[in-house]
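Pasting a structure here, questions to come.
A, B, C, D and E label the chains in the order they appear, each numbered from 1.
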Amino acid sequence: MAEHIIESIFRFLPEIALTVTLVAAVVADLILKERNRNVAWVVLAGLVVTALLVLRQAGWNESIFSDMIAVDPFAVFFKMLLVIAGLFIVLFSVKSRELEQNITRIGEYYMLITGVIFGMFLMVGATNLLLMYLAFELTSISSYVLAGFTKSLRKSAEASMKYIIYGAVSSGFLIYGISMLVGITGAIDIYGVRDALQAGVEQQSALYVAVIMIIVGFSYKITAVPFHFWAPDVYEGAPVTITTFLATASKVAGFAMMIRFFRISFMESGALSVPGLDGFIAIVPWNIILAIFAALTMLAANLMALWQENIKRLLAYSSIAHAGFILMGLALLTDEGISAMMIYLAIYLFMNMGAFFVVLLVTNKLDSELISAYEGLGHRSPFLSVAMTIFLVALAGFPPTAGFIAKVYIFGATVSAGWIWLVAVAGLATIISLFYYIRVVRNMFLVDPEESSEPVILDYGSTAILVLLLIPVLLLGVYFTPIVTWAKDAVTMFGM
Amino acid sequence: MGLDTLILLSLIVLFLPLAGFAVLVFFGKRLPRQGDWLATGLVTVSLLLSLVILFARLTSPESVTAGWTWAQFGGIPGIGEVTVELGILIDNLSAIMLVVVALISTLVHFFSMGYLEGDVRYSRYFAYLGFFTFSMIGIVLTHNLLMMYIFWELVGLSSYLLIGHWYEKKSASNAAMKAFIVNRIGDAGMFIGIMIIFVHFATFSFDAIFSAVAAGNLPFESQAWLTAAGVLIFCGAIGKSAQFPLHVWLPDAMEGPTPVSALIHAATMVAAGVFLVARMFPLFTADALLVIAYVGAATALLAATIAITQYDIKKVLAWSTISQLGYMILALGVGAYAAGFMHLVTHAAFKAGLFLGSGAVIYAMHAALHKQHDHDTDAQDIRNMGGLRSRMPVTYWTFLIFTLAISGIPLTSGFLSKDEILAGTLAFSTLNGHWLLPLIAFGVAGMTAFYMFRLLILTFHGKPADSKRLSMIREVPGVMAIPLIILAALSTFIFYSFNPLGASSGWLFQALARPASVVPEAFAPATWPVFYEAISRVHTPVMILSIIIAVAGVAFAWLVYERRSVSADKMAGVMGPLYRGSRNKWYFDEMYEAVFVNGTLALTRISNWFDFNVIDGIVNGAGTVTRGVSKISGWIDNVFIDGLVNFLANITGSIGMRMRKIQTGSVQNYLVFGVFGFLIITIVLLSI
Amino acid sequence: MDLFAVVFYLFAILIIGSATLMVFSKNIVHSAFALMFTLGGLAVFYALLYAGFVAVTQLLVYVGGILVLILFGVMLTTQGYFEKVKTRTVNLVPATIFTAIVGVLLISVFVSTDWTLAPLRDGESTMTALGELLMTDFMLPFQVAGVLLLLAMIGAVLMASRTRTPKSPGSSYGSPVSSPDSPDSSSQSPDSSSAGEESHKT
Amino acid sequence: MEFTIFGIGILTWLVFLPIVGMLIILLLPGENKTAIRWTAAGVTGLQLLLAVVVLALFDRTALGINDAGSFQFVEQFEWIIVEAVPWVGKIEIMYFLGIDGLSVLMILLTALISVIGVISSWSIEQKVKGYFALYLLLVTGMMGVFVALDFFLFFIFWEVMLLPMYFLIGIWGGPRREYAAIKFFIYTFFGGVLMLLVMLALYFSVAYTNGAGEQVHTFNLLHMMNSANFVEGSILYGLNTTWRYVAWVALFISFAIKVPLFPFHTWLPDAHVEAPTPISVILAGVLLKLGTYGMLRIMYPILPDGTVYFMYLMAFLGMISIIYGALCAMAQEDFKKLIAYSSISHMGIVMLGMASLTNQGTVGAVLQMFNHGTITAMLFLIVGVLYDRTHKRGVYDFGGIANQMPKYTGIAMVAMFAALGLPGLSGFVSELFSFLGAFDSFRWLTIISVTGIILTAAYILWTVQRVFLGELGDEHKGMADLTGRELLMFVPLLIIVIFLGVYPGPAIELMNASLSHLVDFVNGGIR
Amino acid sequence: MVLPEWLAEPGLNHFLVVSAVLFSLGLLAVISRRNIILVLMGIELILNAANLNFVAFSRYGSLSLDGHMIALFVIIIAAAEAAVALAIALNIYNRFGSVDVELISELKE
């Protein structure tokens, strides 16, 4: 056992690096005191190290800590995304004026960020229901606090309150569902669940309820309609860096966990032929449930986004809508769908972070999150506006941006699985989405600025970060072989 | 002379006027005398060359064709390669027509040098004349329907440009537009006809079409389609030759300069329709020809009745032109091919002469009025003239000859052709029982004599309307007088037949042998031998009758207007409608008009009124309706289609607006929705 | 009806009754004490189910820790006397209906399900086994729980602590971000100026 | 045939030269308007030169369409390759450019109109840098669509055009520019989404076996045209299946929006009215052709069964467009709107011609695409000239221009009459062949459509009369005739319009081989 | 007194039923009580319901000690969550002067 644990620890280095970073952040905060904003650099360094360690894991495919957690290409793919997201979030935070207000507590802020990333790392790898729940809660609890980080602001306080109430209830559903699932199958890791299901279960209706409760828990995390309601309010109230984090990394991790759970326990391709599972799948149209979720999410979120006046809120709805697009891939119950989801998530990460970063910069400069604040921005800061346009256009799914590739793959997978109605809904939703994306663009370019407005000048750091985000959004639009190959290969999970 | 030379010559004839056009359009204003000499010179050369061609043609037995590929299509299913050719066909018909066109054009060029001296767009005018001549020659020389259509439309364009020469005048630009659009209606029909032909035969060439039909290959294997094709192609002629019911544009077209009226709207362009019918003659079925004949007859009658009451010198001539064109069409329709075409030739000369003569009168009137500083008096109204004979002898005498010719008095060219037409219609009715046709033909002949002499007398005889003005009238300059004299000479019989009483022995008639119909016998018109025999039977009576009718017409005019033994005004004032109807052909129209409006308009304006309020009214009405429809479709566009789109957008928006309300801000509500969602899914799933 | 059954029913009634009281009580302090009975009753249940360690933990953590925390919460977030601490409800009708359906649904599913039952084991002490598991198979969750608690502590402190006066760079940065879109939002709250007050207090 | 410059294929140069120009412009300072303009002019001029080279080297006998071997100037590189994964097979997206008789004229048209657009843009004074940068991006998109032989590539270029167009209308447009821009955008985006879906369905239905014996899914249009490549059991497998019809309709709508065909046309008048002159020129001159081009390039050969099945629908919509567009044009008082509607009418003729599935009809349609491009470009330039001088566009606002501006009037008359279908000018030839082809397939529809030429004559002459004839208004006295720059943009178009009117043979020859092959291919075995 | 067997011998189902009732009551508290503290109490009920399941399954089912283990972790998590939640509630109270969830709804639509 001891050897196994030691061996496992060596397989667990990125997570350990994160924990070390967390501790280092605590220490640094104590040492630096007044200069605690420099904790950011400590965390950044820790994340870079983590990223390198994650890279080292490429190609590994094993389970560690007594089947608690897997280190497989799937997990590595997502860890990479998460660590990239983390790096950007830290950079954003450095640039955020909003956080300056609570500068005395900025050390804690970075600690929590590190903690959340740690939790997400566990989420994408966890194969044990207990660890899944633990990781889920770890990210959630930290996120609740982060959402209220600028706590002297009413909206931030409100956001954290709503978040924790909704989150706690959802995680209650999740754990209750898990308790039933565990009771039915007698196993607390997903392989055990799979084996039990393959062997056949008699408690059909209990299983339904259990799985639906688990879906509810996941749906909250990935903001699928109708469990998305918290998202717009929280996204609006939270500091923009955290909003970005929630809308991107948190969602990515949630999807990763969801995919792994469903894929291993329910739809592993080989298992479909096993009589017990076959019967199970045949009776319960899981895919239809997920498809309906996806369709509802796309339509409702896009419709609700139409009239938003606050850009963060608008992007919140947009990110909910994107969750709908991504969810389509899961509904297909095919590996093709899953790899499409992964491609989408990777691309979504960049374009959404880009859009939020522009929001952050604009908020820094103009002290406003209203869409009307963007009027005439095209003339005041062409680069910023062009960047924003590119991100929005990517979110809308236009070639030659990466957003298009994401849509192509997810639509393609859906079409190839024969889900024409679903893809038609997705198309409709895409068209609706255009209305509100283009509204921002319109404000930036088609409305003349007020006489008094001055040029908005970006510092070099911000420009560099923007460029860093623009590069993948544009490059992946025209050359996406790497990401596709990577995603296709990364569908491999341990235990399949 | 080699055939190639002939083709080359014809090409030169064709392109010389175009060259003139090109030079004048771009450099006209910079040339000395604005380049009129150039245009005139080139046309003159064309005339000479076309005379050469005619001579060559008449002395050689075969017609000449040559074609050049214009466009090529590969692999049409079932047909294979299709080549669209442009080409030239020189046979008697085209050679004669070529000379007519070139001749009239040349004369008009000369005449215009005097008539339009000092005009703002002098060089532009000559350029357009050149372009017109080019287009017209193109129609004449073509060996296929496509090129025919192309030049057909180009002629329409040049007519448009020339009518609208004084486009500052609203009436002129309106007339130009009207001419083009009305023509386009006919052309659209012609286009459909051509489509029928081409789609079936995959060729535009006359020869190929004729031989295919002769081989029994009918369009879409149906005689009805062949008839339809014929009638539709004839639609082009209806438009261009101002046949009923598309004749309305021609009187308006008199807004153009008078030489233009002479050239285009009397001698050549309007005759193009006749030429087209002649050219396509073998293709027409008996049914199609009957339609053609009746259209011609209706036109002839209608126009003649109107012409009687006109006071505008050019309008009278315009109506007379329509009437005469109806004659020609009628002749072709009944099968009197040579007669009809011969009338085209003779009519070209004397009608051009009449127009140029009227142009001379107007020119002189204008000059006189100008000297009087009178800008109100209408220089074209014959009531303002009278007695001009003494001041303009050349004009008068030539005008007299033309009038005699058109009236069909022996020794003139007009007699020759008109006589043959009358014989043809009568022969046709003896064969088929369509007695209405000869009746109309004879009646119109009488009316023609009457109204033409009315015109002549009112203009040149009698008391002048204003003797002071009369004293200021001067004879026109030589450059204008000479064309008149030449045309007067050409209006005598001697150029067409040495027998003053019979055309059939003349060279022209001989040259214009009727081509055999290619239509299957069952629905072909009567063959030439049969028809000829019928003509021979009626020829002599017809000749006598026609002379009598013509003389009677002249005499009546003489009585009414010269001797004033019968007062026209009195006749108009005294007689009630019924009475007049029993005496006059044109009473028919008046009664028709009276149905629509109160008989309050002056007698003299009734014909005019008929035109504007009934025929034009219909066109205008159609125009209004069209504009109405277009408004409606514009409305549909705005309200319905756009509206639908906006409606969808609004719906989407309002759904979005409503759904937004769900986001109440209360986290517990959110949870209720979430629980509700959970319940729905669970219950649905469990109940499956 | 053996002792087991008697105890079960007794405590089932206690648990459900006090939970009901907790939910419906108008007085929040009553609710808090009712919750204590529920949690305590559950500890008895765990003992009945041979989960001694869990039962003890339940008592220690819940009754000893969480409940006290909650009571502190009650006291910190209320003004004046406890008697006045009445709270109202929202969504009562739909909430009751829905939760009733949820309950009925769950109960019917549970009752109708034919659970695969394993033979009952004897009531050995679970303490040692659990300790072993924590050091072996559950090593990772155990450590992660530590991190979780650390983060929760940091977070709780962060949220609960009084705001320190912001340093100069942030001071110019104020209200516009807080409520840019709802100029009227400040009027809704009875204590809209609390944010401002707070900085004065320190 | 290949032709490379510095080792890069000529088509790539054609497509990406404007992007190079755009980058240069972005690097130039915004104040230096002259340099920016000249850069744009230089780049598009060079592009035109290349287009002429392509035209000169073009082999008229090569078939193209579905025959990979006979495409010309082909550049084919693997662009996106995802090696075989067990459950998907190999994925392949090609950078595949090439032209055949269908596209060669369109390339020339695009290059030409682009240059003319730049010349016409000389008078743009506001935000010159942004304007020309977007303009050049637009040009790349248009050119790309005409040379792409990979559906994916095609789609990317297709969508690339959208955004520049949106901005060009939205920023530099007239008073209602926002509405027009968004309308254009939404409409075309809608079409784009439909196309995307069909593209994906095709992608998953088509797989060819490559040299190594692997099943490869591909976006290669040529592989999609081979019915043997449709995977059995896939959604678009077979002939005359419901899904194939659905795919056809979806593609048709997406292209018909661009054409624009009744009833998808309402974005066009608004877009035209609000767009600045050069953009109207581009829009009418090139953009509308993309729709019909897309149909011929993609819909016809890939879904021939649908094409044959729906040919009456196409023809019917074409007919409606002809008549309806003409009627609407007649009702307009805004000169630009009038021309916009006339575009709908004229594109209806294209539709009618190509719906016929006959050689003449298709050739006529493609020729009409080219001719409409040149003629309508002229018409919009004509309006633009007037608008530049007077800032008015109402048909009733003018009169008697002919005397004041003779050169202008002369050119305008040629353009107007060409639009009216006067023989001797290019419009006639293409209308003629379109109608001839259509008549072969649809007798009554065509006969009704022909009445459209009467309506066309009516509204055009009516406009000529209102604007050019009559008395000159006092306020227009002293209006200058065309400047040298303006003449420069008219004269090439004028020459083309007249030349093709007089002698269309060469142009027809360019496309004849390809189009007859296309028609045979579509008809083959089905009709 | 003879009770029916299902009543006389409490088994797995009985515990599960109690758990279900607790779950519903917790849910009811969460969605209907306006005081944030009561909402938190409701959440605790939900978590406890789950815990009861785990322990019950551990006793009657094939779950063995894993159930106990999960229950322990859930208790830990509940504690952490409660701490954070109360901190947040405190913050809310400082900001809004009230802990009425319904009133705290400035972010909406």
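The criterion applied here is as follows: a contact is a pair of C-beta atoms (placed from the backbone, for glycine too) under 8 Å apart; a residue touches a chain by one contact, two chains touch by 3 or more.
The structure displayed is predicted, hence computed values, not measured ones.
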(request) Remove subunit E hypothetically, without shifting anything else, and describe the chain groups still held together by touching. (result) one piece
(request) Moving only from a chain to one it touches, give the least number of moves from subunit D to subunit E. (result) 2
(request) Specify the chain most distant from subunit A by Cα centroid. (result) B
(request) Skim through the chains and flag the pair connected by the most C-beta pairs in contact. (result) C-E
(message) Between subunit C and subunit E, what distance separates the C-alpha centroids? Give it in angstrom.
(response) 7
(message) On a C-alpha centroid basis, what's the spacing between subunit B and subunit D, in Å?
(response) 40
(request) Go ahead and note the Å separation of the Cα centroids belonging to subunit A and subunit B. (result) 79
(message) As a quick test, compute the distance in whole Å between the mean CA positions of subunit B and subunit E.
(response) 99
(request) Name the residues of subunit E that each touch 2 or more other chains. (result) 23, 26-27, 30-32, 34, 36, 39-40, 51, 56, 61-62, 67, 69, 73, 77, 80-81, 84, 87-89, 91, 94-96, 101-102, 105-108
(request) Check each residue of subunit A and list the ones that touch at least two other chains. (result) 130, 134, 137, 141, 144-145, 148, 151-152, 154-155, 160-162, 165, 169, 173, 183, 186, 205, 209, 232-233, 435
(request) Spell out, as numbers or ranges, the residues of subunit B touching 2 or more other chains. (result) 649, 660, 663, 665-669, 671-672, 675-676, 678, 682, 686
(request) Go ahead and list every pair of chains that touch. (result) A-B, A-C, A-D, A-E, B-C, B-D, B-E, C-E
(message) Looking at the complex, which residues from subunit B come into contact with subunit A?
(response) 649, 652-653, 655-657, 659-660, 662-663, 665, 667-671, 673-674, 676-678, 681-682, 685-686, 688
(message) Under the stated contact criterion, what part of subunit B meets subunit D in this complex?
(response) 25, 69-77, 82, 146, 149-154, 157, 160, 164, 167-168, 170, 173-174, 177, 180-181, 184-185, 187-188, 191-192, 195-196, 198-199, 623, 626-627, 629-631, 633-634, 637, 641-642, 645, 649
(request) Provide the residue numbers of subunit A that touch subunit E in the complex, in ascending order. (result) 129-130, 133-134, 137, 141, 144-145, 148, 151-152, 154-155, 157-162, 164-165, 168-169, 172-173, 175-176, 178-180, 182-183, 186, 188, 232-234, 236-237
(request) Would you tell me which residues of subunit D are touching subunit B in their complex? (result) 183, 186, 263, 265-266, 269, 324, 327-332, 358-360, 363, 400, 402-403, 410, 417, 422-424, 428-429, 432-433, 435-436, 439-440, 446-447, 450-451, 453-455, 457-458, 461-462, 464-465, 468-471, 503-505, 508-509, 512-513, 516-517, 519-520, 523
(message) Show me the residue ranges of subunit E that touch subunit C in the complex, using the header's touch definition.
(response) 1, 3, 8-18, 20-29, 31-38, 40-42, 44-45, 48, 51-52, 55-56, 58-62, 65, 67-69, 71-73, 75-84, 86-91, 93-103, 106
